[in-house]
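Please read through the structure below; I'll follow up with questions.
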Amino acid sequence: MTKKCSFDYSFQIHFHEVDRAGVLFFAHLFTHAHDAYELFMANLGMGLDRTWSDQEYVLPIVSATADYHAPFHHGMTVTVRITIPHLGQSSFTTSYNFLEPEGRQHAQVRLVHCCVDITTGKARVLPDTLRALLARACV
Amino acid sequence: MTKKCSFDYSFQIHFHEVDRAGVLFFAHLFTHAHDAYELFMANLGMGLDRTWSDQEYVLPIVSATADYHAPFHHGMTVTVRITIPHLGQSSFTTSYNFLEPEGRQHAQVRLVHCCVDITTGKARVLPDTLRALLARACV
Amino acid sequence: MTKKCSFDYSFQIHFHEVDRAGVLFFAHLFTHAHDAYELFMANLGMGLDRTWSDQEYVLPIVSATADYHAPFHHGMTVTVRITIPHLGQSSFTTSYNFLEPEGRQHAQVRLVHCCVDITTGKARVLPDTLRALLARACV
Amino acid sequence: MTKKCSFDYSFQIHFHEVDRAGVLFFAHLFTHAHDAYELFMANLGMGLDRTWSDQEYVLPIVSATADYHAPFHHGMTVTVRITIPHLGQSSFTTSYNFLEPEGRQHAQVRLVHCCVDITTGKARVLPDTLRALLARACV
């Protein structure tokens, strides 16, 4: 069951991101997904900047997938809707639906984040605080 | 005399833009200046996306300068204030003050845009409509 | 059966691509895959710059996947080995193995390219020339 | 007097760097200059990755300028020639000439690097080792 999350993030397609056809270069979609992820985490009180200094773990992306249904044109305002389709023992998956202004889905990104202990460099179970926040955020 | 312009644009410093010290990579400041320029022009009704198809001229950047006074840290919200310090015969200069939330200036960018005829590839005088809009925007 | 292709491309991890941990930002791996794709196509005589002007079709990426096994550190020299695991009627898949200097695989990217008619905007069969070149390149 | 330096660095203009006109987006030129700077410093034995961990100082860019004379088209091979026009007490300037294959200059970038003490955060004199290497590199 895909859990629904209330977090939306919007951005505009800038000139420097589009290719010769005036369409967003495919790799940039992953960057926008990560921008949404950052704000989502900051909104949970787990901002990537804050945790950077005092954290015992990191959450590297071990897998990333995108499906492109329709192009993103220069100037378009895009909304990203975040859900968490999977919350595992030591990893979780974030999903990003990219919607154009009328609400039509243009693309979807999925990122798998693994929880890694900073000292050992090995996978570890998600900290309880983080798990609780992720679970609560996604009703 | 520097003409004042009412246009402000805000953005946040994202994770993927900062270096190992958690500070914005210097070259990205120019990209943010251009993002502000795009919105400024769109606001004048001269959006880069619209003009792309039906235009007789382009406005390439022939010179770019940045002065860095203080670092931009990850997560910081930055406001860009645009002015037009020079409006010439066939070129104009846009200036970008980058302010942190308290209003302190962290950096300044200046871009010189030259008006080039698309057919001949040579510099030409700024079209009257564009000149009038730029002059009016900057009281 | 994965067809082997002789094409390798190397690059270095630059300062502006790494995050606070000194590790390549995940989304940039897709950009490097596309850089390798460009050179691979140019090597086949199907360079993206040449075909841009006179082509009847485009080859947009409809799906992109990456699996990250080990980090790419600042300064590392990386070799990308390209194979074509699937050559279909109207689409093909390119695969990119990212190897560190000792030959250990650090990541893999897969891109699905669909052939789209420029006039109708619909999927079409791959042109014979392109299909033959792709098939020949991958012994 | 501009001191001549023997260091050259080459790169190719990739698809994702060009705009709708097939021309390098202006801000990316600064990134290429920094890529050349990295390799130049590594060549001197002062690689940015090595010094990152054990250094007492950083060399932030306090000013950056570019002049664009001719466009960089997709697929073009560009050579960057580095010189050091100024070696001061606590700062130095690096200059980058961007040459197309026939040797014609398409652009020039200048970066001013200031030496900052990591503990105090204030400008300090350039370390003797670094000064000697920079002076020797540029006959």
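In this document, chain identifiers A, B, C and D correspond to the written order of the chains, with residue numbering beginning at 1 in each.
Convention: contacts are C-beta pairs under 8 Å (C-beta built on N, C-alpha and C of every residue); 3 or more make two chains touch, one makes a residue touch a chain.
Not measured: the values here are computed from a predicted model.
Q: Of the pairs B-C and A-B, which shows more C-beta pairs in contact?
A: When the contacts at B-C and A-B are counted, A-B has more.
Q: Would you kindly say which chain has the C-alpha centre located farthest from the C-alpha centre of chain C?
A: Ranked by distance of C-alpha centres from chain C, the top chain is B.
Q: Between chain A and chain B, what is the gap in Å from one C-alpha centre to the other?
A: 29
Q: Just the number, please: Cα centre separation of chain B and chain C in whole Å.
A: Computed from C-alpha means, the inter-chain centre distance equals 34 Å.
Q: What residues in chain A touch two or more of the other chains?
A: Each of 15-16, 20-22, 25, 27, 31, 34, 52, 74 in chain A touches at least two other chains.
Q: Which residues of chain C touch chain B once you look at their complex with the stated criterion?
A: 15-16, 18-22, 25, 27, 74
Q: Considering only the defined contacts, which chain A positions touch chain B in the complex?
A: 12, 14-16, 22, 31, 34-35, 38-39, 42, 47-49, 52, 73-75
Q: So in the complex, the part of chain B that touches chain D is made up of which residues?
A: Touch residues, chain B against chain D: 20-21, 25-28, 30-31, 34, 52, 58, 60-68, 71.
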